[in-house]
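Note that the chains are named A, B, C, D, E, F and G in the order they appear, and that numbering of residues resets to 1 at the start of each chain.
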Amino acid sequence: MDEQSRPLDTLNAARNKTVMVDLKNGLRFVGKLKAFDIHINVVLHEAEEHKDGEVKRKLGTVFIRGDTITIISPA
Amino acid sequence: MDEQSRPLDTLNAARNKTVMVDLKNGLRFVGKLKAFDIHINVVLHEAEEHKDGEVKRKLGTVFIRGDTITIISPA
Amino acid sequence: MDEQSRPLDTLNAARNKTVMVDLKNGLRFVGKLKAFDIHINVVLHEAEEHKDGEVKRKLGTVFIRGDTITIISPA
Amino acid sequence: MDEQSRPLDTLNAARNKTVMVDLKNGLRFVGKLKAFDIHINVVLHEAEEHKDGEVKRKLGTVFIRGDTITIISPA
Amino acid sequence: MDEQSRPLDTLNAARNKTVMVDLKNGLRFVGKLKAFDIHINVVLHEAEEHKDGEVKRKLGTVFIRGDTITIISPA
Amino acid sequence: MDEQSRPLDTLNAARNKTVMVDLKNGLRFVGKLKAFDIHINVVLHEAEEHKDGEVKRKLGTVFIRGDTITIISPA
Amino acid sequence: MDEQSRPLDTLNAARNKTVMVDLKNGLRFVGKLKAFDIHINVVLHEAEEHKDGEVKRKLGTVFIRGDTITIISPA
């Protein structure tokens, strides 16, 4: 009944989909989730950096270190 | 007599129920607890983000990194 | 002579008793200690959240992540 | 010649003696050292909490999480 | 289909290419990625340090400790 | 030729000599290095606490938790 | 072709050479790199402490705890 009983299953289901990643420093990245690991290191493609609700810059690919992340949410 | 002698037993008993998750940065997420692991990484469904007592935004699914969490309380 | 030679023995002796738990962010929780583990993750029942000496809210059950705790003291 | 070549030997020699424990948040606890472990989790008996050089409150027993401690000094 | 399923694969693909490395303290380093490890310790060659969008200084080689990094993005 | 190729060799050579230990919170301790371990937990004898260049207080023995230390330098 | 494929190889190549070590607290140490380990604990000889671009003091030997370091750069 519960097809996603572990947190990483949720990340796995979001692969190649657009996710929002919030960092401890207040930045937000929005892009396609291409990869993650058990440290919650994450790689996004077609990523945009947001601050205070605005797009600050467009980054192609971005590697985000896991320990700087607070939440990850599918768009 | 004590059916929940380990902290994770309490989280397990809260699965599929509404919980409140408070973060170190002052944000609060309220939603249904779908998954957690030993790092206290947590996944909520039908999640709302609260700040200063108000709903800031509705998120469908949210993965919360364990090391950013202070408390988890069943509603 | 020394029946509690390890710190966790003290927590074990406080099980089902009222304890005060202070967090790094200045919050205090008071409740019955129901569970703890080696990471000092803690579960309280009949918990109250205090701030600046006042009860802010009553929570039934609360899971507190160990790394956010500074001290635990039996009432 | 050097009877205490490891740091924990010093803590062991201070068991049942009065020690001062300073925390990262500026608080100080003074009490009898009853227990400690390799994480430097510490238990004091007859503990007093000090702030800015004054006794703020008397606590019977207090468990102090190791990662919040800066120094421990025998009185 | 997905040739880079792990985050470190992305760093590996960026070897000898120009990357931007942002730190928790607000500094940014831009240079050629020469080496990295599982802690995300990184070595850049021909590195420049940026602050507030300006080049502050030119460093030949720089070793950046992983736990101070927030993101790494190929230029 | 290089008799101290590992960092802990330097600490070992400083045993029973006066060292300066600087903490992340801005305090400095000066005393005789009696013990250390791989976590860089340190014990000083005849220790003095300094702040802003002045001796604040004299402590006999002090145990300093490693993760609060920035540098250790022989006097 | 790539003789330094791991970050620690870069530190190894800098042994006995002058390096700049920047800390999270804004201090900088300049000296000869005598030793390092996998935690990036570092020992400098003939070290100088810099702050805001000025030499604050000269230290003979200094042990720098790895987790306080942001970058290391050969002079």
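The rule is simple: contacts are C-beta pairs under 8 Å (C-beta built on N, C-alpha and C of every residue); 3 or more make two chains touch, one makes a residue touch a chain.
The structure displayed is predicted, hence computed values, not measured ones.
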{"item": "Set of chains adjacent to subunit D and to subunit E", "value": "none"}
{"item": "Steps in the shortest chain-to-chain touch route ending at subunit F and beginning at subunit A", "value": "3"}
{"item": "Minimum number of chain-to-chain touching steps separating subunit C from subunit E", "value": "3"}
{"item": "Centroid spacing, where centroids are CA-atom means, of subunit E and subunit F in whole angstrom", "value": "33"}
{"item": "Between subunit D and subunit A, distance of the C-alpha-averaged centres to the nearest whole Å", "value": "42"}
{"item": "Whole-Å gap separating subunit A and subunit E, where each centre is the average of the chain's CA atoms", "value": "19"}
{"item": "Subunit D: positions in contact with at least two other chains", "value": "67"}
{"item": "Successive chains along the ring, subunit E then subunit G then the rest", "value": "E, G, F, D, C, B, A"}
{"item": "In the complex, subunit E residues that touch subunit G", "value": "15-16, 23, 25, 27, 29, 34-37, 41-43, 47, 59-65, 67-68"}
{"item": "Contacting residues of subunit C [partner subunit D, same complex]", "value": "2, 4-11, 24, 40, 66-67, 69-74"}
